[in-house]
């Protein structure tokens, strides 16, 4: 939409507003405010503030600051470190999103049924999501121990060579990805189980009457019917993984040799260790832009495959 | 209609009422004492030691009440302090490492202490150990006081050394230490049961070894980063060889906060390693019926020159005048001869005043526990902390290189070359 | 029930996955029962030779865990109540009402979700300080009073409510309140419960932000308390069994909660009023 067109619409809207004044209802505002007030205070205001600081050299500490224009941004965009952390972040994100969504669906199909034992499976599969990262990370670092850890014991059992896991810059990222999938797959499963329930039984019955195989029913009824959930999970998990910090901080502290330093890790370092808040906020804003572009692409592609009832 | 309105309104009301009602109560002590907060990122025995000193201080006078607030680690203190300064609600006093202390001081966040020191007749700044005290001097003003000194020394198991017939003097140079480590390592098939030596994870140990080897961070004119010079590479390659080729050394890494540090200590205490390189502050956690301390080695024909530095106590500019005065009283209390000696006895850290050595309890303790004097000896020959002109980029490059060398076994030359490039770029950026 | 081979395989797979999922948790409890020496024993023992059950009571007595857990549960419950209410209301407005700027508002909300929480820390901290809400329950609750994820989730759920049902109710003259209560709530009941659970877990496990704004021990949440316990008592590596015991205290309430609540989340396929 071009700018004049937008303006025209805006003006038209204002005219409409005046004409329709008596019809304007107060009701939507009542529904919006309870969420909009805290949203403005604790999210919008910080976002606007971050945007403003990103054009300065302020650090929240010094009494005065200077406007730098876009130089924080240009400094980041010409910095090789930025691209390397961006790449690592994207790799991490892809590595977590695809397996945990696919595995989540698989588990939902298997463990979504009735019965006491299914309830037990669901509880066990979901339990990692419930556990605080701080507590469980210690155990994982034992599992990944290169010499005596369970992970390598399993590999050796399958006659595979041992891996150095969090001690190697090649395998540290996969190690963190595995923990993230482990923690997140139960979450996807819950959403899928919920979605599967909503698929009308009548559709299956009709298909069964037509003699469709189980596989065909899955592909042609189940998958399209739960596609909104798939989109939801992909978008949410992508955003969450792009902001990954906790599990990385706990498991590898960004190492070894910076191989697991993601964008948020870079942010913490720039903001709270180098006190370069201007550059850090510029980084946060860039992350928002990157995430928005990715989500936009996901939503765009979704038009082809997401099926709303 | 009616219920719906009530429903929505109540939701808004919950939020608004609680927002407004929150604006009350500010902290003020009932008995007329000035109440100040002291933030510090210490755990274990050190944290308990700080709390003990706070209690003693609060009981020793009735003008000031200090409330200690512990953070998970130094980084958490920094993050919280930054937010607190932005919000203009600061603790009066804080414990900082050298680099952030410099950064905060240059940003005007720390109050100069010079006038307080001048007005106080019995403060005696000349009694402080010169190298530690100077860390807090920036452009002629004193911005922070050293609270305790620290340096890395060797700790070894007396029983294992005796059994192997190794004299402690073999720890005098890195070369002979390496030979001892080889002798002490016990292998069981492919796995190692006892490691000869465990350096502490991170670049610090290797930096110390490089400095002892005559290495420098920067060229004389301060324009070139020298961290890939032969003095550096030789020293770092030594550790790579020990960990990855000879497998006589091991390091613990990752985990929460100080986890790797305690894992290393635990290995030595449990007999899975014959010794390790650790902080003078570890002495509070160690059992010296099993262990003994030794100064860091030099190299054949070269004197040891490891870093020694102090953790600094500072006062915030944004605190009120009353609070600042109170905070100064607290810092003065913490650094007086008796207390710095007592802190040193309990933690093993280095006392910050020369007169601490004359305190009777310290004398008595040192007679029975000679290890307490090892860090003190070392402090006298040590290199003062490096103030990174890039605000931490050079050190960060060394952190990454250390991971490559210690964890991944990449050659020191390659790792340090990459680090030098990164650090040089950062240096040129700030000098532009 | 006839146990066909496929069914057996399915159960075997599920049992295998369940064991993998629960293993680290099991390991945590086992480690809490081991002695300091046994915990480092190689190869590790699957069950301690002599379970040290007293280590749980020892850890329990070393810090006010009951108080920490109570703080966490108390704040989390209030936060859930607020978040469910305001997310559902705004989601209803987004899906069932027409008003100016609807899409614009929703886009803004979506974008705030993309902002890393860390970037909001300092500004939010300053706001809380201005209102004198640092180190208080009110501050903890208010700063978490909105969940962008919740808004997104409820909107998604409400979008999937068949339009015909709502249209029919409107034609019958039903008010908004009636539509929410009689149509949307019963159909999306699971979303309400799921979100309540997720929100509870997130608030219960939230660490960085509560640690940043609380300073006095009496206000600590379990995560901050646990971390302080690691630092002060456990001194990290020194007291592994106690650390594991303390971690178990933190996890247990959540697991119990899920065991009870999961029945409602997945209550069977039959009770849907959707066949129409």
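Annotations for the structure displayed:
Think of it as A, B and C in the order they're written, each chain with its own count starting at 1.
We take it that a residue touches a chain if its C-beta (ideal position, glycine included) is under 8 Å from a C-beta of that chain, and two chains touch if they have at least 3 such contacts.
Since this is a predicted model, take the numbers as computed values, not measurements.
When chain pairs are compared by contacting C-beta pairs, A-C ranks highest.
Using mean Cα coordinates as chain centres, the one most removed from chain A is B. Computed from the mean C-alpha positions, the centre of chain A lies at a distance of 16 Å from the centre of chain C. Spacing of chain A relative to chain B, judged by their CA centroids, is 36 angstrom. Shared interface positions of chain B, defined as residues touching 2 or more other chains, are 8, 11, 15, 79, 82-83, 86, 255-256, 259.
Multi-chain contact residues of chain C, defined as those touching 2 or more other chains: 82, 85-86, 89, 122, 142, 145, 176, 227, 230. Multi-chain contact residues, meaning those touching two or more other chains, occur in chain A at positions 30-31, 34, 38, 60, 134, 138, 148, 271.
Note for the complex: chain C touches chain B at residues 37, 40, 82, 85-86, 89, 121-122, 125-126, 128-134, 136, 138-139, 141-142, 145, 175-177, 211-212, 215, 227-228, 230-232, 235-238. Residues of chain B that touch chain A in their complex: 5, 8-9, 11-12, 15-16, 75, 78-79, 82-83, 85-86, 103-104, 107-109, 191, 253-256, 259, 391-393, 396, 400-401, 403-404, 407-408, 410, 415. Chain A makes touch with chain B in their complex at residues 30-31, 33-34, 37-38, 59-63, 134, 137-138, 141, 147-148, 164, 166-169, 250-253, 255-258, 269, 271-276. Residue ranges of chain B in contact with chain C, taken from their complex: 1, 3-4, 7-8, 11, 14-15, 18-19, 21-26, 37, 43-45, 47-48, 69-70, 72, 76, 79-80, 82-84, 86-89, 255-259, 261-263, 265-266, 270, 272, 285. Chain C makes touch with chain A in their complex at residues 10-11, 13-15, 17-25, 27-28, 31, 42-44, 82, 85-87, 89-90, 92-93, 97, 99-100, 105, 108-120, 122-124, 127, 142-143, 145-146, 148-149, 151-153, 156, 159-160, 162, 176, 190-191, 194, 198, 201, 204-205, 207-208, 223, 226-227, 230, 243-244, 247, 250-251, 254-255, 258-259, 262-263, 265-266, 268-269, 272, 274-275.
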